[in-house]
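Both complexes shown next keep chain A, but they swap its partner, so chain B is in the first and chain C is in the second.
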Partner chain A sequence: MAGKAATTSTTYSPSPTTLKTKAPIFNEDWVRPDGRGFHQCRPAFFRTGAVNAASGSAYAEFGNTKVIVSVFGPRESKKAMMYSDIGRLNCNVSFTTFSTPLRGQGLDNKEYTAMLHKALEGSIMLETFPKTTVDVFALVLESGGSDLPVVISCASLALADAGIMMYDLIASVSVSCLGKNLVIDPILEEESSQDGSLMITCMPSRYEITQLTVTGDWSTPKINEGMQLCLDACAKLAKIMRSCLKEAALGSQE
Partner chain B sequence: MVLPNASEDLSTEMEVDAFRRLFPLRYYECHLVESIRPDGRALARARDTTIALGAVASASGSALVKIGSTTMLAAIKMEVMTPTMESPDEGCIAIDFHMPPICSPIVRPGRPAEVAPVVSKQLSDTISSSGMVDLKELSLVSGKAAWMAFLDIYCLDADGAVFDAALLSATAALSHLQIPAVSMNDDGKIVLMSEEDGERLAQEPVNKEKRKLALRSIPFSLTCILYKNYILADPTAEEESIMETQVTIVLDSSSQLISFYKPGGSVLAYTPAIQDCVALTRQRVKELQSILDEANSAMEVE
Partner chain C sequence: MVGLSLGEKQFIQGGIAEDIRTDGRKRLTYRPIYVETGVIPQANGSARVRMGATDVIASVKAELGKPSSLQPNKGKVSIHVECSPTAEPAFEGRGGEELSTELSVALQLCLLGGKSGAGAGIDLSSLVVVEGKICWDLYVDGLVVSSDGNLLDALGASIKAALSNTGIPRVHVATGASSDEQPEVDISDEEFLQFDTSAVPVIVTLTKVGRHYIVDATSEEESQMSSAVSISVNRKGNICGITKRGGAGLDPSIILDMISVAKHVSEQLINKLDSEIAAAEAEDES
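After this line comes the complex of A and B, so read on.
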């Protein structure tokens, strides 16, 4: 937050920040700001081959959340690195200055970087590229909520596009707990007023989970319900990702 | 001269891809004598160019520009500042150019591209010296408040002619910019005017309705490569890495020279070559102007 304080000392955004009244989320008849059902995801759009300069890349758009992931390599590891029998995975997640409502927040996200690495690691056959590194770089063009799950799914697609050997595609979905309700694939507004969040990244065809994060206030039955919601959504998401890859493969054949 | 001859002999036997990688300069020369480039373009032809306005919903103005596969995303966020004592009636435009690690294999996290700050400075210089934007238009309350326009340009895919694409995206974003309607509240702060607030008369509107900037002459640029007697317009990254001498010329809509940039290189630029480059740029300006006009009129229809 130090960076933010420095910029606000000279300039400020004219948008009202605190005046907005919170939606009565705890009501039974509360509707989501974008009119979706509680268990309905935003329409997902994927496209591979977004960046020509990269070995593989993908663009993903879920509502207002827009990300690009480029994959480079396998290429020579940094000189300072020790010899390694298996390949290395190197990740980075950054945001554009205009991605967030307030300008220039969280440009280089260390937490997301670490989580992206952990989410992908389990799905990649690292032994297929010994002594070398695969770089996975993500840029969030616009942040509209559920950024990390979108980045992770998009990164998996980019890895597939680059021809990196994997056990399965990785799909990732999160749910937010808002009072009594569980809402899937939350947007920014919902994330800011959530009581808890749960994110699953999994390999749907193997029914294996590579990462599960739970934060906030959850009861055991709620966790079960949330996990089931996420797993179902992941399976559907993986189908969309798979069809995107097939489309790209067909397109290149013609 | 053993090596060039060796490559010439090999050119009939070797696979094209291998020859391209081993003797890139020879490979290009074989094309250049036929007045064509490996991607099928004539020497003086720029790549296909597209502009999409309003690509970023959270910004007041934005543009996605593609020249070939070089891709730029520019967006403007408007903030309020106190103008300086010297120019109480003027706002400010802060231009920043970024090359994130996704755009090129050369850039890695923590090790930013060397060209990024150079392009950043060139862009600010070009836009300010072209007089494209009247900074007085960005004033809100004389001496008290003015707009600070943060124009950030991200390179999403770097495949040559980075400056040309960046400048085009910057000017396109400025042409798309809608200055939001704002009013001053009791604390002397500028706030956005929402529809309900419009009726409340306690607030004094400063900028009553959304408006666009009145842009004067718009700068456009073309980068050319000089190699021997050849001039290659709008080079790709591969061409830039093989033939190093570049000339970037910026002209405005009325063909006035705004900037001329030749950062070293082994080929000396003689007057006729420069004149040829300027002529190519003049042509390109017309092309780009019509593409930009088209993009803007498409926005108005919607």
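After this line comes the complex of A and C, so read on.
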């Protein structure tokens, strides 16, 4: 679009923008746009304590994907809610209007909210805070692909930072199927032309899957391969998350 | 919510462990499935599916629309599920809303395939009339009339039946219009194009109760579940979508085992469903 400016007239006339990106051909010598290997994740960066007002918070950055999650509570459940001898988890995922290439595009956050809730609830010891509610609010500052896995991992870290009792940290990784290739931790460009996706959220130390979604067309051996790839990556991701928590704990002692 | 006494709970769990369920079924047996097609005259296609006391209706409406600028060579399909409070008082207000979004999202994941359209049950490029200008928008609506568990499988089956009942009118495009203008179209009242539904997957939900898992759980059995995995499988035996419900974690090897069981079960289900749909269509026409 920027290249067009030189050839057309200097006055601005609005015309419908059609993003014409040619679908790349995914043969053997195809390389990923950011030069990563197919089974190589983006460098992950985590930091806890991003928001002062929250009981716990975390910031995560995976390439261009930037997410902030804050955890509030446990606070008293609303009066309208019925008595419950286990705690409640209240999640929300939202996108900033400028997070996506087209403004205000990321509106499928209801779906993300439900997924985040389902991914987290299996790891939290809800019986440790009866009659109360924990709020998890996630905000996607910049959407650069694999948003949901980053949100889930970051939310788990924020919960740990808030001191909510959990069985294990939750790590989440997705793979995309592009032609015959399986690429891990896809970026936005790869996600938009993917033939299928597989996302796993798991508790690596317990070796349990809390949430799993698959779309597209998969044969059983491919699912096997994709799951193994994700589980290995989750284990590594959890190590990074753990070291981040340790660092934060050491920092506060000094 | 189902209120069960401790004894009833143990009876259900014990029965499942012994491979004989409260209604006499085995763990991997479905309830009898009844299919009726053409139940809604206003829609382009519709079907009603009953499995025991679970009763759902799906309708397909087609409207002419404009393709999105990002995908000019594809039509649009939206799937929405409504849980009417007439089925269960718990569906009133937010409870129903939550369930209907969950079901809608799961159906979209299972039926619409990946972003590039691979593995989609509905071929979106077949819905285009004029590229970049006109396409068919399919509105697939599911309604839960009565709920006794296993809603997702029943909705999946009813959508498959409704799509095979769908006739899309043939559209004549007036030629000669310049490329910038919106072309004029003439929708035929008599000629209808049948939809190819051979690629539409079926959904098999495996509900884990105790250490075993069952298909086609009733709501009493669902209340005892720790988690449930819904797997959609097409005729080729490929997996088109997986979603998981329930918070409890599962071992990866159990999930792989579930996938192979689902593939086996889906073969029988697809054949059963196809014969039911064919019978319903024959009755509808006579």
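Heads up, the rule we're going with is that the second predicted complex is superposed on the first by the 229 of 254 C-alpha atoms of A that agree within 3 Å, B and C clash if a C-alpha of one lies under 4 Å from a C-alpha of the other, contacts with A are read in each partner's own complex, and residues count from 1 in each chain.
We adopt the following convention: a residue touches a chain if its C-beta (ideal position, glycine included) is under 8 Å from a C-beta of that chain, and two chains touch if they have at least 3 such contacts.
Remember, it's a predicted structure, so these values are computed and weren't measured experimentally.
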{"item": "First (chain B), second (chain C), both or neither touched by A:52", "value": "first"}
{"item": "Which superposed partner A:195 touches (first chain B, second chain C, both, neither)", "value": "second"}
{"item": "Partner chain in contact with A:65 - chain B first, chain C second, else both or neither", "value": "neither"}
{"item": "Chain B versus chain C as contact partner of A:96, first or second or both or neither", "value": "first"}
{"item": "Chain B versus chain C as contact partner of A:146, first or second or both or neither", "value": "neither"}
{"item": "Which of chain B and chain C A:135 touches, first, second, both or neither", "value": "first"}
{"item": "Which of chain B and chain C A:109 touches, first, second, both or neither", "value": "neither"}
{"item": "Contacts of A:172 with chain B and chain C, given as first, second, both or neither", "value": "neither"}
{"item": "Doubly contacted chain A residues - partners chain C and chain B", "value": "16"}
{"item": "Complex interface listing, chain C residues touching chain A", "value": "69-70, 72, 98, 101-102, 105, 109, 112-116, 118-119, 229, 234, 237-245, 247-252, 255-256, 259-260, 263"}
{"item": "Interfacial residue positions of chain A with respect to chain C in the complex", "value": "16-19, 23, 110-111, 114, 118, 121-123, 177, 191-197, 202-203, 206-220, 223-224, 227, 231"}
{"item": "Contacting residues of chain A [partner chain B, same complex]", "value": "10-16, 50-54, 57, 64, 68-70, 72, 75, 92, 94, 96-101, 103, 108, 135, 137-139, 141-142"}
{"item": "Residues on chain B engaged by chain A in the complex (per definition of touch)", "value": "56-59, 62, 69, 71, 73, 75-82, 96, 98, 100-105, 108-109, 148, 150, 152, 154, 156-159, 180, 182, 189-192, 194, 237"}
